[in-house]
Structure formats: C-alpha cells, structure tokens
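Each of the two complexes below includes chain A, the first together with chain B, the second together with chain C.
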Partner chain A sequence: MEELISRIFVGMSYGSVYALLAVGLVLTYKTSGVFNLAYGAQAFVSGAIYYDLRVRHEWPIPAALLIAVFIVAPLLGLVLDRGLFRYLRNATAIAKLVTALALLVAIPQILKLWFGQNPAAGTQGIVPKGDVSYNPFGDVFVSRNDLATILVTLAAVIGLTLLFRYTAFGLQMRAVVESARLTELAGINADRVSTASWVLCSFLAGLAGVLLAPLFSAVSDLNYTTLVVVAISAAAVASLSSIPIAFAGGLGLGILQQILDRYLPTGSVLASNIRPALPFIALFLVLIFSPALRGRRELADPLAGVDPPPPAVAATVRSPVLTNATRIFGVVVGLGAAYYVFFHASGQWLDIAIRATILAVIFLSITVITGMAGQISLCQATFAGIGACATAQLATRFGMSVLVAMVIAAALSALIGALLAIPALRLGGIFLSLATFAFALFFDNVMARFDWVGGGVVPEEAPRPTIGFINFDQSDKAFLVLCLLILLVISVLVLAVRSGTTGRYLDALRGSETAAVSIGINAARARITTFALAAAIAGVGGGLLAIYERATNYDPNFVYFQGLIWVVLVVSLGSRSVEGAIQAAAGFFVFQAVIINQVVPWLANNLQPWYHMGQPPQTLAIILLSLGAFTYAKHPEGILEFNKRKSLEAIQRLIDRRSSKGGFTSAEGDVVDGPDAVGLPAAAGGPAS
Partner chain B sequence: MRARILVVGVAIALVAVACGNSGSSNKTSSTIPVGGSTASSIDPNSLKQHLPVTAPGVTDTEIRVAAVVTKTNNPTGGDYSPLGDGINAYFKMINDGGGLYGRQLKLTNVRDDQLGANAQTIQASLSSDKAFATFGATILFTGAKLLGRANQPSFIWNINPEMAGHNNIFGDKGALCFKCAGHVMPWVAKQLGATKIGIIAYGVSAESTDCADGIKASFAKYPTAKVVFMDKSLPFAAPLAAQVTRMKNAGVQFIGTCIDGNESFTLGKEMKRQGMNAVQALPNGYDPDFVAKNADSFENAIVSPQFVAFEQTPKIPEIQKLDEWAQKIGKPVKEVTAAGWVLADELVTGLKLAGPSFSQQKVIDALNSLKAYSDNGFIQPIDWTKQHQDPLGHPEFQSELDCGNFVKVTAGKFVPVYAEPDKPWVCFNRTDPTVDTPQHLSFVTP
Partner chain C sequence: MTALLSAQGVTKMFAGITALDDVSLEVGDREIVGLIGPNGAGKTTFFNCLLGLLKLDAGSVRFEGRDLAGVPTHRRARLGIARTFQRIELFTGMTPREHFLVAERVRNGRGALWKDLLFLGRPTSAEKEHAQKMLDLLGLAPVGDRSVESLSLGLGRLVEIGRALMTQPKLVLLDEPSSGLDRHETEELAETLRGVQREQGVAILLVEHDVDLVRNLVERVYVLDFGTLIASGPTSSVFADSAVRRAYLGDLV
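So, the complex of A and B:
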C-alpha cells in the first residue's frame, strides 16, 4: 500500500503537468479550431529559457520564472495567434494541422540555434533544493519539486475555474468554446477572445514546460514533444471538448503510468517493448475505441459542406501548347541533370541524386494519401521503415532475391496500412492524423526494437541486387538508373490511380462526402485502398533506401520525426502532383547541399569581416523548409503548384496578347476566353472554379 | 533527425562504454603483454625518408586526414568534436618533431553528422576531402559499410557495433560484444562486498538491452553476487522512482547500468531521494565536469574508462604527452580528446610500420599484423589479427585478457581504486573460470 501511495504521489506530479498540457490543448482547439501539435514545442521554449536563465546565468528563481513563463510564453501565444492562426480561422482542419505540424518541427530547431543543439543536463525546478524529499510515512517519498508541481497545478486550476466562473471574460470564453458564431451574434469579438485564449494556453504550456524540466535530468525537445503524447491522450479522452475531463484524464494517465511502471513485469520481451510505449498505445486505443470520437471529424464550419472542391491541378488544364513546352523543358532539364550526374558529378552528388530519387518515391506516398485522399498521415516514414526492415529480413535471413523481397515488403506495408486504416479511417480528420502519429511512435519504440524487425544492435543487412550482367553492388550509377526506373513506374501508377476510378471517387469524396456516398461511392473502400497504396509506395521507397545503404538503418532514416518533416515538406511544396513530390525530394537535398552548405557560409563569410561561419547547422534547412508550410493555408495546392499557376497565367496572358483570336485552346481542345481555361484559383488572379 | 526521435539508438555510446564485457583488449598469447605497439622495432632513420607516394590525401608536404563526428543532435548531450583536438594535439607533437616521411600530418576537415546523417556525411567526406584516412566518433555509424568498401584506413572511437567485420576500420577497442559475459563487473561487486545486484537498461535500445543481458550473463558465469532485480524495459528519460523502490526493497547493493549519463544522474537523484545506499556502475560517466556538478548524486559510483584514467598516479608517459600537447594547442583534455589521441597514434603507428613508400593498403596491413597494440599502455592491448570480428558466439575472436581500470567518485572527483602502483589495469585471463585471480598490469613499454 505504501508503494502504491508513493507511486500515486509521483504520478500526480507527472499527471499535473500532463493535465495542464491537456487543458491547454482542449482550450486552444475549442476556441480556435487548431489542434496544436506544437504544444510540446511551446513548453520546450519556456523550459529551455528557464534553464538558461536559472542554470547557466544563475538568475534567481522568481526572475527566471517571470521571464520564461509570464512573459515569453504568453508572448509566444500572442505571436502565433496574431502572426499565424488568426488568418486560419476559416481554413480547413488540414491547413491548421499542417501549420501546427510545421511549428512542431520548426520551433525546437529555431530555439536550438540559440540554446544549443544537444540536451542540457542539470535541470532545476521552481523551488530551491527541489530534490530534497520528505518521507511522511513508510516508503512514501515526496520531493519539494513534486509538491511544487502539484501545488502550482492546483493553483492554476483554481485560477482557471475562477476565471471561467466568475469573470466576464471567462463567460465570453466559455461562450466562444460553445459557439463562436453565436457569441459574435451577441456582439462579442470572438477573435479577441480567441487571441486571449492563445495567450492563456501558451502560458499554461510555458508553466508545464518549466514544471516538467526537473522531472527529467536534461532539457531536451525530445522529452517535451514525445511526452506531450500523454497530454494528447488525455485531450482525446475528453473528446477535445471537456476541460475538466481533460484535466482529470491527464492526472489519471500520469498516475496510471507510474502504477503500471511499478507493477508490470520488467523482464519479459513483451514488457521490455510494451512498457516504453505505453503513452502511444494509450493514445491509439483511446482514439480507436472512444465512442465519442468515432465518426467524429473535427470542429467543422457548418458552411464547410458548400465549400467548392479544390481546383484541378494546373497540369491537367493547361493548353496543349503549354503542356508540350513544359514537357520539353522538363526533358531538357532532366537530361542536363542526368548528364551532369552520370558524367561529371562527384560521389557526393551521386549520393544526393540517389537519395533524392528514393525520397521522391516515398514522397509519392504522401501525394496519394494527402494530395488525393485529403488525409494527413503521420506514419509514412514508418511504412517506409517497414518496407526497409522486411526487405532486409527477407533478403538476408531467407535468402530471397532482394528485389522480390522489396515487392513482398511493399505488399506487407500495404497490408499493415490497410489494417491500420480500417479502424483509423472511421476517425477522419485530425483524429486520423493522431492515430497515425501514435502508430508511428508505437512502431519506433516497440516493433523496430525487435531483432526480427530492425535487426537488433547492428542493423540487418540488405544486399544490392544483380540483374543479368549488371551488378548494382559495384556501381552506384547503375543503382541510380534502377531507382529512376522505379520512380517512373510508381509515378505512372500514381497518375493512373489519380485519373482512374479510385482517383475520381476520392475527388468526389473531397468535394462532398455526403453527396459522393449518396451516389453509391464506397468511401471506406476508396480510402482504405488509398491508404494501402500509399503504404505500399512508402514500403518500396524504404526498401530501396535499405538496399542503397546496404542495411536497414531504421533510426536515422525512418523515425517518426522524419515523417513529420516529410509531410510538412511535401504538402507545403505541393502534394497534389507527381512533380510536386519529385521537386520536394530534390529540393530537400539540393537546398541543404547548395543553399545551406555553400551559399549561406559564402554570404556570411564575405559580407562581413568579424564572424567566420564554419559548417552551418543543418537544422537551418529544416527550419526554412518548415516555415514554407505556413503558406499552406493560403495556397493549399502547394507553393510549387501556386507558382506554376502564376507562371501559366503570365505565359497565357502573353500568348493571349499575341493571339489574334484573343482566346486559347484548353486541354480538352475547346476554345475559351480568359484565365478560366487554366482553372486559376482566385488567389492566383483567376476566378475560383 | 534525430530523430528520437530518435530516442532510439540513443544509449549506444553509453552502453558500449558501460559494458566491461565487450570483446576488446588483449593479445593472442597467454603471456601477459607488457609492450605497446611494435613501433619500437622501426628504424628511426627511415621515418625521415621522403619518397614519392601516390595515395589519396598525400602530397609532397602533407598527409591529410578527415574526421566525421556527432557534434549536434546527440540525445545523450555529448559533443564528440573534441576528437579533433586529440588528433591535432598528437599531430602537432609529430609535426613539431619534423613530421613523418618529410611530411606534416594535417586534419583538414571535421564534419558533423548531426546524429542521423552519418552515411551521407561519410560519403561527402570520401568524395570531397580526398583524405588518406578518416577518423570518427559517432553515435549511429551508418557509414561503416562505406568506409569498409572504400578500404581507407579508418579510426573510430569504438562505441559502435557496426565496426565489426571491416578489416580497415580500427578503434580504441576491438569489435564490441554487448552480450558477452565478462569478469570485471562480478569482480567489482566482490570488491564492494555486494551480494545483490540490480540491472537497469532501456527497452528502446537494442544495445542497452543486450548490455543488460551481458551483465546478467557475467554474474551467471562468475557468481560473486546474485542478480535480484533487472529492468531492461525503461522508456527513454524514465523517472526511475518505481525501479529504485523495487531495488531498495530487494536489497540491491550494486547497480549495473546500461543507460546514458543523464539517466544515471536521474537514478542517483532518485536513490538519494528514497534513501537507497547502493553503488552505481556509471556507464558513460568519465566526465569530470558532469560528475563535479552533480556530486551528490554520483557519490561512490564506480567508473571504468576505456583508457588509463587521468587520475591514475604516477601518470603514464602517454597521458603526460597528451596533457602537454593538448595544452600547446590550447585545448582541454576530455574523454573524447583522449580517444582522438589514441586513434592518431594508431594511424601514425600504421604509417611507421608501412614504411616511407606507404600506401593505404600497407597501413591497413601493417596494423592488422599487430597483436598487442596499446598506444604505449594507454589502452588495453588490441590484437588486430582477430579483433575486427564480432566475438558473440565466437570466443576465438576475443582477446585472452579481460581488463578494467577504475575510478570512484568521491566528493565530486574521480579517485583511482583497485590499482597498484604503476599497474593501473586489473586483468583476468579470459579462460579463468573465477574472478579470484586478478592480475595487476601495466602495458607501458619499459
């Protein structure tokens, strides 16, 4: 019993922080419609600043707390709302999620440019001598930090309760939570209330960030972003709507985690792999089995149903002249790049070309799941990892031809994708994304650790193939050709699916699911097919990468964070077209190799004399590319697609001016007038189609 | 990247260092080796001979090498770039003495693999740096195969099991074996009078769980104490309150840990909080600053560095030289710096043995002929005729000696323990069925 009480006390300490985070998540979601996946990153900001001031600069606790929690944290919330999310009020749930994802990726990387790239050890709490513990009875030990955390959380909850119950502002906030539109009808500025809620939630995140720090031995963004999963579970328990349930859920999960930590067996293989993943398993189970979430999409604008479907991609509606010109241009550029890579490039550039080609294959899976099906999956890296692991295992342990193994691995990925999709797709929207997020974390922490999956201490080997007289083990250039051929095949497959029945079904479902279902389209089947196809494509890409590196190498290539970066990159550059995926992959490596590694240091070292830049932090590339995702809400078709439309429009105008007819020929061969012919969206200067 | 993100492979370094039962050290004959490398057999005059050499990274005036290290995104918090300081200190010593074969040794580029991009970074280094040899200190050694295929002499701070199987990759230890049973931990337990052992490890790291299995196997083979608690299912950054309670209740006196330094700190704090008096075997704890800052949590902990501890007295000549030359280049001496020094010595030893018309292959072959390389007693002797191979299930690839040297944390400082004057190493013949007959040794050439 004493042990149980002791565990409950420790659990309350963790649970209090989870509860704060969960309350903030729900509050933000309800008042702004944003499921703030970056909430852990916000907490990390305050945790890091507090650490810097308190530990590195030895500021007194109140001053450090004041800056980190009472000034920086609310300010960050204000900036996020004013600078970003206020423009997303009427954006789609996916646009909000993508923006939050970009923040999740970018915020820690930006902060680490100042804070340092590695975890900082020696955290301190908000009370002096926080490690000193009290022993009220038996084996019950409670530290000053634990007590401080519990008491501060209680104070915060009491404060929130008073705010909500007894102040006019609290009343307004509750009203906005219930219905922003009705609140505005009553003359209340819902925007202002929402801004205040962002500030408040950011404050809670900052508080949680500072309270969490002493629970770990080091301040690390990984601790925050991973453990916020528990808070997400608590928010999911509350169906993202009830603040008290979210609070109780966070507290309960913290305690449950400690109790399970104490009483679950520690020696078995199952326990070894399951226990570290309890938060992710809990999230997944909550999402799948919570009746309140089943069938629920997200906070929906009632007018969302009459939103126009997304415009067709520019490539499908441009004139034949432009299409041919574009193709010729593409072929010339492609041949030029190929000539350089095959005849002049160094081993490093050949490496970049191969990796970019393989990544393009994986990115096509995001084109399928996001560009075609309109869903955000956060586990595409995991499917690629499954493909890599299965390819290596089948080839090495079973002596199978590695290319056959790769195909089987892709089928396995598809099967797992379909099995995941069956329960997850009932969720839809952000809940689907969260389920895929939980699956990715689960696979990283549990499955990939098994020897028969990832290979154990030394990653499983994956041999290069030999086809006839071509030994791909001896020539990276030959392997590049193989990768390009596979990319070509997958691209054709994706284009075929997009223009085929499934693609049209998905288009219809994106336009209006109700209408699509009413005409007999089986939404579940179409989406499961898409999910499986995307998983298979990712599996092929993962298998290829394993073959290229001659080993599985799960950790550096396929962990969930890679998947987040990939999603952000593809959707911000253009998830609806094949070339979007290819350009995103090429851009990912070329941007790093040229802009970050060469241009940035050159500029830094030639524009001023007092600072010499060596190797710039590579996270700079991630930051800049992530920030590109902020344009997603404005240009959901992607930056590339948007610019392609603009270019088309400009070229078309030029053609129009020179055309005696004043019109031009559309892809279908009809002669039409004006920019309608290229289906240009309003944002690009043309009418919304 | 990093993913952990990458929580993953995280504990690697820590764990590797933690396990005293790795398949490293010693030599082939049953006689205890007393010498270091065989460089002493080289004619000193030949070292000044300048002959034309056609090899990558070699000019008339220089022998250029490159390094790939994990500087950023290391989830354990470590910055391995001081490896370059150790290499530069050693090179300065050689260069100030006139260089080698009329050439200066130069570390031209130290690249950061940022944890997750080791393969790409090594590829970039192989393509662009045009180096004679590559040095490395990395968490995820995914570029091992590239270095292996390039057949370039490569020297790594060996915390990576991926090193095994590549005859051109050398380290400050032979190929690692996490699961192999060893004498050292049971012997330390015996010295401490501990009869009940606890083991904790991450469940999210294969290296960590294998390390836990290795410690358990060690006590099964050399039963100086009983393992009464084992938890190899920890999540990363676990609070450890429940584990400490259980160990306390089980009467654990000595804890074998397969976790990183930060988690060891958490363990120390939690033990203190619950009033548990047990000794930690610190895995990656040979960091004086870190231990000094957290003295309370590490008091009495035992650390076994990979090389002769700096605190051993009298200082062996190699440590004196390291101190001197590191000071000359204005760099502090850390664990990774010492690794850089040892690896640089390994390269120079290979070059000396290869002769004035050296080549990459000759250096590799020369080093692979050494049966007791020890950098003049700084590290345990390595038999490079066999220790490139993974010893798990192949005891013939293990050295015949199983050694450790130890320091104990006392008031935030490392204090040497269990050593005899001029004999810092405590060794056992690998075939010895007990830990009752340790031999105190030095591998310094008289």
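So, the complex of A and C:
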C-alpha cells in the first residue's frame, strides 16, 4: 500500500509535467491553430540550456533558471511567432503541421551543434538538494524535486485558468482562434494576441523542460520527444480544446504510467518491450477510442472563403509543346546522369545513385498518401521498415528467393497499412497524422526489437538476388539497373492510379468530402485503398534497401525520425507529382554530397583565413533541408513545382509574344491563360492586414 | 403505387431541443415538391436526415419502398438520391467536365484499384460523351475546362446540379439553389431546372427561400415552422393559407 502511494506521488510529479505540456499544446492550438509537434523540442532547448549553465558552468539555480526559462524560452516563442507562425495563421492545417514537423526535426539538431551530440548525464532540479526525500506518512517517500514540480505546475495552471476565464486578454485569445480576421474586424490586433500566446506557451514548454530534467537520467532530445507524446495523448483526451481536461489527463496518464510500471510482470520479452512504449500505446488508444474525436472537423475559419484559390499544377497550364520539351529535357538529363554514373563515376556516386533510386521508391508512397489523398502520414518509414524486415526474414529463415520475398513483404505491408487505416480513418487531418506518429513510435520501440521482426541485436540478413547469369551480389551497377527498373514500374503504376478512378475519387474527396459522399463515393474505401497502396510501395522500397545493404538495419534506416525528415522533404519539394518524389530523393543525396561536403567547407575556408573547416557535421543537411519546409506554407504545391510553374509561365509568355508577332493568335492561348490568371495572385500566406 | 420518397414521422432532437417534430412528407415519381419555411425552421436538418448525415430519433425514411435506416450516405446516393448544397460544395481544383466525369464513374460503379493499375481507369469515350451532353444541356460547355474556382456562383450551382444529375438519380434534393443569386440568375435557374426535369424525368425536392422560384416551379409544397409541418398541399392554395402567410410570408405576398 505504501508503495502504491509513493508510486502515485512520483506519478503526480511526472504527471504534472505532462499536464503542463498538454496545457501548453492545447493553448497553442487554441490561440494559433498550430498543433505544435515541436513542443517537446522547445522543452528540450530550455532543459539543455539549464543543464549547461547549472552543471557544466556551475551557475547558481536562480540565474540558470532565469536564463533558461524566463529569457530563452519566451524569446524562442517570440522568434517562432514573429518569424514563422504569424505568416501561417490563415494557412491550411497541413501547412501548419508540416512547419511544426520541420521544427521538431531541426530544433534539436541545431541545439546539438552547440550542446554536443551525446545526451548529457547528471541533471539537477530547480531546488537545492533535490534528492532529499521526506516521508510524512510512514513509508511514503516524496523527494523535494517531486514536490517542487507538483507545486510549480499547480501554480502555473491556476494562473492560466484565471487568465483565460477572467481577463479581456484571455477572451481575445479565444477570439483569435475562432477567426483571426474576424477578430481584426472587431478592432483587436490579432498579431499581438498571437505573439503573446506563443511567448506564454513557449515559457510553459521551457518550465516543463527544466522540471523534467531531474526525472531523466540524461538530457537528450529523444527523451523529450518521447515524453511529449504523453502530453499529446493528454491533449487529445481534451480533444485539443479544454485546458482543465488536458491538465487532468496529463496528471492521470503520469500516475497510470507509474502504476503500470510497477505492476506489469517483469519477466517476459513482451512486457519489457511494452514498458517504454506505454506513451505511444496510450496515444494510439486515446486517438482510436476517444469519442470526442469522432468525426471531429478541423478548425475552420469562417472567412476562409475569401482566400484566392490555389494555383493549378504546372502540367495543366502549359501547352503540349512545352510539356514535351520539358519531358525531353528530363530524359536528356537523366541519360546524362546515368552515363556518368555507369562509366565514369566513383563508387561513392554509384552508392548515391542506388540509394537515391531506392529512396525515390519510398518517396512515391508519400506522393500517393499526401499528394493524392491529402493526408500526412508519419509512419511511411515504418512501412518501409516492415518491408525490409519481412523481406529479410522470408529470404533468410524460409529460404525464399529474395525478390519473391520482397513482393510478399510489400503485400504484408499493405495489409498492415489497411489495418491501421481502418480505425484511424474516422480521425481527420491532424489526429490521423498523430495516430500514424504513435504507430511509428510503437513499432520502433516494441515490434522492431523482436527477433522475428528486426532480427534482434544482430540485424537479419538479406541476400542479393541472382537472376539467370546476372549476379547482383557481384555488381552494384547491375543492382542499380534493377532498382531503376522497379522505380520505373512503380512510377508508371502511381501515374496510372492517379489518372484512374481511385485518383479522381481522391481528388474529389480532397476538394469536398461532403460533396464526394453525396454523389456516392465511398470515402472510407478510397482512403483504405490509398493507405494500403502507399504502404506497399514503401514496403518495396524498404525491401530494396535491405537487399542493397544485405541486412535489415531497422535502426538507422527506418526509425520514426527518418519518416519525419522524408515527409518534410517530399512535401516541401513537391508531393503532387511523381517527378517531385524522384527529384526530392536525388536532391537529398546530392545536397549532402555536394553542398554540405564540398561547397560549404570550400566557402568557409576561402572566405576567411582564421577558421579551418574540416568535414562539416552531417546533421547540417538535415537542418537545412528541414528548414526548407518553411516555404511549404507559401508554396503548398512544393517549391520545385512552384519554380517549374513560374519558369514555364515565363517561357509560355515568351512563346506567346513571338507567335503574336508572327501573326498567330491561337484560340488555345486563351484557354491556357484562363486558370493562369486566377492562379497568379495566389501566392498567399502573408499577414492578414 | 408507393411514393418515390416517403418520410414518416421524422423526429430529431439536439440536446433537448426538438428540431424536427413528427414531420411526414412524400415525393412522387417525376414530381417537383417544395419545402419552405423561415430560417431555423429545420429544413436543412430534415435534408440531412433524408441523406443519413443525421440519425433519426424517431420515424422512418423510405425510398422506393425500401427503409433507409442504417444505409450510409454514399449508398443512398447510389440508390438514386442526389443533392446540391446551400453553401456551394465543389471539388476545388477540378473543371466542370472533371466533376461530371467523376460522378459518371461513380454511377458505373467501377472503383477497383486493380483496374487502375492496368490502365483501365481512364475515362472511356462513352463517359466523355455523357459529360459533354451534360455540359451542353446546362449551357456550361464554354467553361467546361476552366477550374471551378474561376466560375461565378450561378455557374457553380449549375455545376452542382449537373454533378447531381450525372449520377442519374431518381430524386434530386436541391438545398436553397437560389441563395446568393440575383433575380435574373434565379429566373434562368428555374428555366434550366424545368428543362432538366422535362428531359431527364427526375423528381425534385426543392428547399427554398425564394417564394417566386417556388411558385414558378413547384406543384405541391410543404411548409415547415419550428420543426413542425404547418401546411401542405398544392402551391396556390398553400400560399393563400393565412397561417402560412403569418408564419413565413409576413404580409409581403
């Protein structure tokens, strides 16, 4: 009994921090419409700075606390709002989610450039002698750290409730969420309100980050990202709208986690895998079973109708001549690159070509799910991982031909995708993304560790195939050809689906779900099909990668973090088209090999004489690429697609001018200009003023 | 002969407020029926009940004699109930022609993924021909390949009506088709609707605010006020009824 009570106390201390984070999440969502997935990263910033000042530089507690929580954290919020989210206020929910994702990827990496790549052990709390425990009732032990956490959280939440309930400022905050533009029509400066709320939320994240520090053995971004998942569940319990429920949810989940931790059996592999995964399981269950989320719609701005329509895809506006010209240009460039790789390039470039081809296959699954169905799935890396594991297992343990194994693995991946889609379907937009996120984390932490999935400690082997006299084990060039063939086949299939019935149903569903259902389109079926198709494509890509590397290698290749980077990359470069996926994959590796490894050091070493730069940190590529996602809100069609459209428009104008000089005025020219004229002023997303 | 659509004693409550109280309504084959009532009378709620977007608290809806309880919305559409929306709902980014092609494809009931994978999913020439016919019928041919965002509200409503008709419905539910249109556009709309009804032989249930349009088009009308039917019958006699004039028309007519 005493042990249960002390567990509850410890749980309350965890729970208060979860609650604080959950409250902050709800608050950000309520005031800026952004579901801030990067909230854990923000907490990590303050936690890391506090650690650095307090432990490494041995500052006194108040000074470290002042800098980390009261200065840096609000400042970060200010920067994020002024520099970023202010311009997104009227953007789509997906644009906001992608931006938050990019921050989740980039912030910890940026901080680690300075803080160091490894987690720092030996953290300290916000009260002196935090480890000292009191035992007020018999054998119940409560440490000073736990008490401080609980009390600080309580004070913060009471303050917030008062602010929201009883001040004009709280009312303004709530109004801004409803519609920033309507609020401005009523004479309230929505920008100011939103900035204030970001500063406040960021402060809460910082507070939570510092309070969390003594609960961990080390300060690492992974801990914070994982723990924010619990806060996300608590926020989801409150269906992102009620602060008291979010608070209670966070507290409850913290206590529940501690109690389960104590009373779960310790012996079995299953239990030891499930324990660290409790947050993800909780999030998944909350999302699937919470009645409040059933069929919940996104926040919709009543004034959304005044926005200009999105621009048309370049392919639909340009003339057939230009389309053919770009195609020929693409083929020439592709052949040139292929010639170079096959006959002149070093092994490094061959490796890049193979990896880029495989990654392009996986990226096509994002094209299907995001570009066609308009959903953001954060578990495409997991499906690729399932494909890789199944390919390796079937080939090694059951002695199947590895290519057959890959096809079966893709089918298995599709099945799992469909099974995941069925319960997740009734969740809209953000909640669907969160469910896929929970699934990815769950698979990483529980499933992938089983011997019969990832191979256990030693990754399962996946042999290279032999077809006839071609032995792919001997020749990487032959393997590249195989990969290119598979990429070609899948590209053609994706194009077929896009122009076929399924693609057009998805277009209709994305245009207006109510209308699509009203003419008899089965939304659930279309979405499940898409999920399964995307999972199968990712599965093929994962299988190929395993075969190329001759082993599953789940850990670096398919962990959730990869999935996040991939989504951010594809979506910001262009998820609508097949060539967007291929260009994103090629760009990803070329950017690393050329810009990061060659250009950046060359510039650094030639522009100034004082500092010599050796090999730049590999995370630099991730940081720069994810920051590129900030362009997404401005160019939801993708930055490549945007530039393609702009340059094609310019060429088209040139052609039109030439032909009108020559006395030709084609009737077709008018048709081409029609949607174009509407599309041009559509680079929206600026501040509403 | 049973009526095409027959709603019996439809009742719907929202948190203690009775939005619809024992509403019964019938639409016969090839008939144009009106449903009018002031704002908040429950017209749209009734609509959503017919379509299965809301669950009935009591009563039943039958279509061609078949009870629709538990039939999901998209199935009802395939049974032959099409609709338009008061706040226009078009597929953004698609042209009117594409709207019609999608609807045509749904009617043909070919949604299989494997057909797409074998390149059998593209629009067939017969489908294209049907879409072209509908564009001609509604006078949308000149704008058939423009994105719907660039169309006026009036044209947008025509696209909605065309999309509904492409599913070859037996009954079309029109939700305030004249809202947002000026008098001239409304007259044109009435003309088009009459032509369409003659040509395709569909039944229409028209929920409408605009008294002129109703009088112009509708043979039989139901009047809804605060969730209950207060009158029904031939249009001319209902509009003469004093209770209706008080509740809805004021002294305008």
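Just so we're on the same page, the second predicted complex is superposed on the first by the 624 of 689 C-alpha atoms of A that agree within 3 Å, B and C clash if a C-alpha of one lies under 4 Å from a C-alpha of the other, contacts with A are read in each partner's own complex, and residues count from 1 in each chain.
Note that in this section a contact is a pair of C-beta atoms (placed from the backbone, for glycine too) under 8 Å apart; a residue touches a chain by one contact, two chains touch by 3 or more.
All values reported here derive from a predicted model rather than from experimental measurement.
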item: Touched partner set for A:N606, first chain B, second chain C, both or neither; value: neither
item: Contacts of A:Y560 with chain B and chain C, given as first, second, both or neither; value: first
item: First, second, both or neither for A:G520, with chain B first and chain C second; value: second
item: Touched partner set for A:G503, first chain B, second chain C, both or neither; value: second
item: Touching partner for A:R355 - first (chain B), second (chain C), both, neither; value: first
item: Residues of chain A at both interfaces, chain B in one complex, chain C in the other; value: none
item: Residues of chain B touching chain A in the complex; value: 1-9, 71-79, 111-112, 114-120, 123-124, 126-128, 140, 142, 145, 161-162, 164, 178, 202-207, 209-210, 230-239, 241-243, 245-246, 248-249, 261-263, 265-266, 269, 272-275, 290, 293-294, 390
item: Chain A to chain C touching residues, read off their complex; value: 309-310, 312, 493, 496-497, 499-505, 507-508, 510-512, 514-523, 525-526, 529, 533, 671, 674-675, 677-678
item: Residues of chain A defined as touching chain B within the complex; value: 3, 6-7, 10, 14, 117-122, 131, 133, 135, 139, 141, 143, 215-218, 220, 222-223, 226, 258, 261-262, 266-267, 271-278, 346-349, 351, 355, 444-445, 448-449, 451, 454, 456-459, 549-551, 553-557, 559-562, 615, 617-619
item: Residues on chain C engaged by chain A in the complex (per definition of touch); value: 51, 73-75, 77-78, 82-83, 85, 89-94, 98-99, 101-103, 105-107, 110-113, 115-122, 145-147, 149-150, 160, 163-164, 166-167
